[in-house]
Amino acid sequence: MDIGYARVDLDRERRQGLPEIVYGPGKQAHEIAGILEVLLDRNDGPVLVTRVGPETAAEVRARVPGGRYEDAARLLVWRPALPLGYRVAVVTAGTADGPVAAEAAAVATALGLETAVIRDVGVAGIHRVLAVTDELREADSVIVVAGMEGALASVVGGLVETPVIAVPTSVGYGAALEGVTALLAMMTSCAAGITVVNIDSGFGAALAAYRLTRRRP
Amino acid sequence: MDIGYARVDLDRERRQGLPEIVYGPGKQAHEIAGILEVLLDRNDGPVLVTRVGPETAAEVRARVPGGRYEDAARLLVWRPALPLGYRVAVVTAGTADGPVAAEAAAVATALGLETAVIRDVGVAGIHRVLAVTDELREADSVIVVAGMEGALASVVGGLVETPVIAVPTSVGYGAALEGVTALLAMMTSCAAGITVVNIDSGFGAALAAYRLTRRRP
Amino acid sequence: MDIGYARVDLDRERRQGLPEIVYGPGKQAHEIAGILEVLLDRNDGPVLVTRVGPETAAEVRARVPGGRYEDAARLLVWRPALPLGYRVAVVTAGTADGPVAAEAAAVATALGLETAVIRDVGVAGIHRVLAVTDELREADSVIVVAGMEGALASVVGGLVETPVIAVPTSVGYGAALEGVTALLAMMTSCAAGITVVNIDSGFGAALAAYRLTRRRP
Amino acid sequence: MDIGYARVDLDRERRQGLPEIVYGPGKQAHEIAGILEVLLDRNDGPVLVTRVGPETAAEVRARVPGGRYEDAARLLVWRPALPLGYRVAVVTAGTADGPVAAEAAAVATALGLETAVIRDVGVAGIHRVLAVTDELREADSVIVVAGMEGALASVVGGLVETPVIAVPTSVGYGAALEGVTALLAMMTSCAAGITVVNIDSGFGAALAAYRLTRRRP
Amino acid sequence: MDIGYARVDLDRERRQGLPEIVYGPGKQAHEIAGILEVLLDRNDGPVLVTRVGPETAAEVRARVPGGRYEDAARLLVWRPALPLGYRVAVVTAGTADGPVAAEAAAVATALGLETAVIRDVGVAGIHRVLAVTDELREADSVIVVAGMEGALASVVGGLVETPVIAVPTSVGYGAALEGVTALLAMMTSCAAGITVVNIDSGFGAALAAYRLTRRRP
Amino acid sequence: MDIGYARVDLDRERRQGLPEIVYGPGKQAHEIAGILEVLLDRNDGPVLVTRVGPETAAEVRARVPGGRYEDAARLLVWRPALPLGYRVAVVTAGTADGPVAAEAAAVATALGLETAVIRDVGVAGIHRVLAVTDELREADSVIVVAGMEGALASVVGGLVETPVIAVPTSVGYGAALEGVTALLAMMTSCAAGITVVNIDSGFGAALAAYRLTRRRP
Amino acid sequence: MDIGYARVDLDRERRQGLPEIVYGPGKQAHEIAGILEVLLDRNDGPVLVTRVGPETAAEVRARVPGGRYEDAARLLVWRPALPLGYRVAVVTAGTADGPVAAEAAAVATALGLETAVIRDVGVAGIHRVLAVTDELREADSVIVVAGMEGALASVVGGLVETPVIAVPTSVGYGAALEGVTALLAMMTSCAAGITVVNIDSGFGAALAAYRLTRRRP
Amino acid sequence: MDIGYARVDLDRERRQGLPEIVYGPGKQAHEIAGILEVLLDRNDGPVLVTRVGPETAAEVRARVPGGRYEDAARLLVWRPALPLGYRVAVVTAGTADGPVAAEAAAVATALGLETAVIRDVGVAGIHRVLAVTDELREADSVIVVAGMEGALASVVGGLVETPVIAVPTSVGYGAALEGVTALLAMMTSCAAGITVVNIDSGFGAALAAYRLTRRRP
């Protein structure tokens, strides 16, 4: 449906079974509101807006009632999903990876996943990783959020048998190359069968985890 | 266990629940055979050797009976797993992506996944992709194997709701940069929630698919 | 002709048959005005100034009467060309590609091309691309504007037989590498015979389309 | 149509209006022959096989009668098109760019374009470029084949008003980075409206030129 | 000599015969003044400070009398050299290359070279380059300042037999990669024997030209 | 001393206290022999030749008696040093890192370091790393040899307080970028105070370890 | 210990023998204070906070008494270590490398190393390097801080026999690539056995030097 | 003049004053001979063919009498120039840089320059560089040939006041990136006014030196 400033995909939910998620950056509050109104009207499932600052969020919520704003995740949520009984662990290497983990966790929760965030278990203190092994193994899948050299993905990949979704972050400086080093390192991890999403994409990791629940019954 | 030329990890199967897979390149036939003997003796599950040429494969099989050699996949398999009742579709963009798809399919099959290979559905002939949509949707997850610009991953990611594991291949020349372009493109795909493994790593994709079956019951 | 702060090429229109287009960035309003006066005086065809902000545009128009300012395209136009009877379709993958498409469309229109913009047909919703196939085929050529992985160029290239000019955009983050990934991906597209211009260069694509009309009669 | 080792796209000619072109590398002679037989049987237009060495070419021709082999272009042609009355000039910067130009010219000719190759007009001897200006201007479009710094594309782009398709080549060493430097340089050319195809892709340039003839009547 | 915040090299002039040039960025006005005082006191030749903004320049000149400020070049000069009877031509591809050319020209002039700036002779209008051939040939050496694809260096290198010093600039966007493309292109130029200095380094080019005057008598 | 085909540095041992090490590649057996003769004659300490194949080694040893050839390390040694009472542990991530570790160990041993190689302790089996923690802590310093994502360096750096010298290797494929990924990852390691040498440079790591013994008494 | 916004590693000092160092960026004053209180309470050794601006530093010190702020190094220190009797020389190539050297020196001093900073001995004035040779040789190890081409590391590496820790800095422009060129150059230095840390990481170099004191007694 | 397989530039010598130099790679002996015959017939100055292997060289000389083959430089020379009374020093960092230096020296000599090669003065043994300072200062200009980190260019640039032409070589491994690191390092050298040519281009450096002799009298 063409609403003047955007062509809204009204069929994704029905067609593909995935929720409606609006990418916030570059859109004004009234434009976001317009898209939201159409999506909320024509579909039934959750509707999310990612990467929205607090001012824009307030303005959007003033226009479209019923939404919740997740500060740390910079996420707007309407009609969060009911719990699906699927548990995802989001584990971070360092404090600075927090915002990306927050986005992953908030999106996953809004989509109905049970989410636990396990913080600050960088591999330079390997006992911290080992201390949470059981917690990691109890999850149905693990999202690993790490910048710099991204080594946490390899260690976690060797501890659990479940799906591991690695999110490289732009944390670090110099040779970290704004996340490219972590991305390449996770790609060539010695832990077999881990997968990788885009730099800083907590959102992408959450969606990937959500897809894990979409198996043929 | 240290067998002179390698320290064999005997506990992975028990500890992590993942099968034993030996990376073939750089190892001589008698070394592979030695590792195989230990693994077959101490564990119960499947044992695989990847990226083995036909001569080495023949020599290994002469030393360690009971193995099967998958020619197109360059894979040696002992004690293939029983079917797990999980279906993975391996779809390729072009003929040249065939060997990587073959590795993905053979490894997945050996690990107990039901595997279907769907060939040559490059996006420049988009009707070919659409023609196999139902087949893709019936699978529990999809492995997309594509080189050059790797666009097939985005199209498939928009057609199915199940997990999509993208494998960039080194197919192409010039700006394909030996697979780096496909890798980057798949990473920044407009299809939400698809994940990516290393260039040409059919093996990595199969393991990632196998992990999808390892959910908490 | 040297007007103190610039050497104005007065012969391009006559010599090469291409219109006069001034690149705005780094030039002050009075300098742009000075160049415009010379060009309008000595030549007969359209005169354009690209990438001009609204304040500078207002100041230039105050000095040189008769110009029109295209806001979304950040383009100043004097003496737009008469319609040439040539139709170009400008198609974008996502909302964020809009400004680049706007520049392409405005420049093309000012040069006499009939221009239609088709918005938001990203390949993750392939039915949206297919829904506009006829529209794309009716055009004499197609400009494809896409960031991230740039896959739309390949899909469109496989749908039409006419010239396809791909414009990679800097839309995306992380592995998008500010447009370099889309550029490389479009370059190594599996759709034969598509061509590519510089990142974010709506202007370059429009000129390339204009050249298509300059065939020997 | 699935012929065992390949899924042959039988509808491209009819659906898209573009000729059938088989990419040779990685295919054995009997496989190429098999694909050719299907394409020649079901379609009417030209059928080409690119990048084929002389031995394979001989073997294919022994299996599928009626084909012609273009040595310098490493191209196999069946049913070349009738002349379309469209003239393309292929101009090279140096002797080493010859093979890429040969591929461009042979493919263009097989598709019905009238093709002239203008050799060795590198910009370090700018008078050589100027000497052929008229010849370039008489063509309906120009394919510029250049390696190293690829500057010829900019100079030609400033001399003609017709479409310019630049082909960067991997000619050069060191800072030439196997064609990447020429590719980037052509992309950021100061000559407005020139377009670029993949490194060494004489084939891609020829197809792009062929698309120029496919305008709506 | 250590003056607290810097170790001043007092012997370069005497030891190496090159003038004293202070790099401005990161130094405060009073620090620059302190260094200048020592250099002016202990040496006899020209003393320059590069890349100084107007405010800092004013403050430095208030502290150290006798200096001149070149606005366009952002250069401070004390004791400019007497003319050496050596002529260098500084030629630019486009208006945006102006500041780099200004630095080259101002530094060269301050060191005693006779300097002529030839502006806006980009290769897309090759007649503009040819129109200044005689001027270029009359110089003892030529500094070519060009961004984007940097092709002017190749054309000039083919027109003159004297030394050509190419300065890539960060002019351009997208594939220009902030000057890296021009740098690589100039490095792999088809014009034999041209040399290259760092991106945007008008200063470096001027020093290289000055060295040309330092031949054994 | 100039011996015709090389200028031999006879003073390094005396001047700098470091041993004489000849880089083998690109030198013929008789040239290596000539250099060895001078070094053995004029100095007293160990003399090594690195990266020498078995044939060349045999020929050199036939010409210069008294040398030993370390096969796995491809190293020739004359006059190995007496033990210095300094212990270095060389730890590798995988079997394929073996040759680099062998070079590090053999060079270190020849220079008088007590060397222990700990093999195959990749972080995907973190228990294997932990199992050798005591061994690592007993060493005076640790050389970590790892390719792919190079994560072992971070884990070891967090386990020991002594100097850690990381050697990235070219082991891996695709995103491993021939060792560049491991190099960058080790550089941006979250383990504080680890240092890195060149890709595959077992030799460089051994020399760095040797320097650790050269503290002022 | 989890203090709400961070998981504080209380065992590193005891477990690994390395001091507690908090990375400042991205943390608010009250968060830093909270972490400091825990660390000061539970451990005995030095506690540092790196890369803290003056305002944050003042606020932290107001909350946690007893700290010292090193302005040039942007470092906060509690309980600096007693002198260890180990001498490290920090040598810089140019004035702009000063802040990185200041961080290295302040961290090293706080950890108990005797530190001397030797300033502005760039290799373009090689006599300046030679003039400090004795000073360099008297140190137990040398930290070389250099941007641009980083050549000082090679020269110093050839002058001393003790450990050399090279820190590439982001000083320079254009081809300096924000420190990547210096990093690569130091990595491939012709001086054997020098080691490298991350770009601008004065902190990393100081820690590496501190590790040098941690040898088995 | 078009001789069938090449368009020979007969006017360069007269037009530009530079000698005729044929690039050998990719040309067959009879083709080189054909070009030589035309050049020798129509011009008067030196004619060179670069990068020719010994077999091709022998065959060319058999066809075109009077030529000389420089083995180490892989250069063919006809009619070498009379001495111009201009002295260039070619200095190398290591033995492996020899072939590039040999090309530089042989081309320079053939063009009439007096050439001295100074070998193996890498900066890790800085006294070796200093020992040749006088020799370097006596030359009219210096060509510095260095791979790995290319630091020799900076040191020499600080020792002489005459022109310095730096040639990065592909010597080194790993982080040397086949010469790209040396190229970037030389570009961003702290020695003011040095210039750089392409990787391994001894030929380019010699031509650049030759241009230095072409000043207006």
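Going by the order they are written in, the chains are A, B, C, D, E, F, G and H; count residues from 1 in each one.
The rule we apply is simple: contacts are C-beta pairs under 8 Å (C-beta built on N, C-alpha and C of every residue); 3 or more make two chains touch, one makes a residue touch a chain.
In UniProt terms the chains read A, B, C, D, E, F, G, H = Nickel pincer cofactor biosynthesis protein LarB.
This one's a predicted model, so the numbers in the text were calculated from it and none came from an experiment.
J.: Going by the touch criterion stated earlier, list every chain that contacts chain A and also contacts chain H.
T.: Common contact partners of chain A and chain H, which must touch each of the two, are F, G.
J.: Identify, among A-B, A-F or C-E, the interface equivalent of F-H, where equivalent means over half of the contact pairs coincide by residue number.
T.: Copy of the F-H interface among the listed pairs: C-E.
J.: Farthest chain from chain G, going by mean C-alpha coordinates, please.
T.: D
J.: Chain C to chain G: how many Å between their CA centres?
T.: That pair's centroid distance is 50 Å.
J.: Taking each chain's centre as the mean of its CA atoms, how far is chain B from chain F in angstrom?
T.: 36
J.: Just the number, please: Cα centre separation of chain C and chain F in whole Å.
T.: About 57 Å separates the centre of chain C from that of chain F.
J.: Where in chain E do residues touch two or more of the other chains?
T.: 125, 158-159, 173-176, 183, 187-188, 192, 198-199 - these are the residues of chain E that touch more than one other chain.
J.: Quick check on the complex: what are the chain G residues that touch chain A?
T.: It comes out as residues 2, 5-7, 9, 11-12, 15, 23, 25-27, 168, 170, 179-180, 183, 198-201.
J.: Show me the residue ranges of chain B that touch chain D in the complex, using the header's touch definition.
T.: Spelled out, the residues of chain B in touch with chain D are 95-96, 119-121, 125, 127-128, 173-176.
J.: Which positions of chain F touch chain G when the two form their complex?
T.: Residues 16-18, 21, 87, 138-141, 158-165, 183, 187-188, 192-199, 203-204, 206-212, 214-216.
J.: Which bits of chain G are touching chain H when the two form their complex?
T.: Contact set of chain G toward chain H: 93-94, 122-126, 129-130, 148-151, 154-155, 157-159, 172-177, 181-192.
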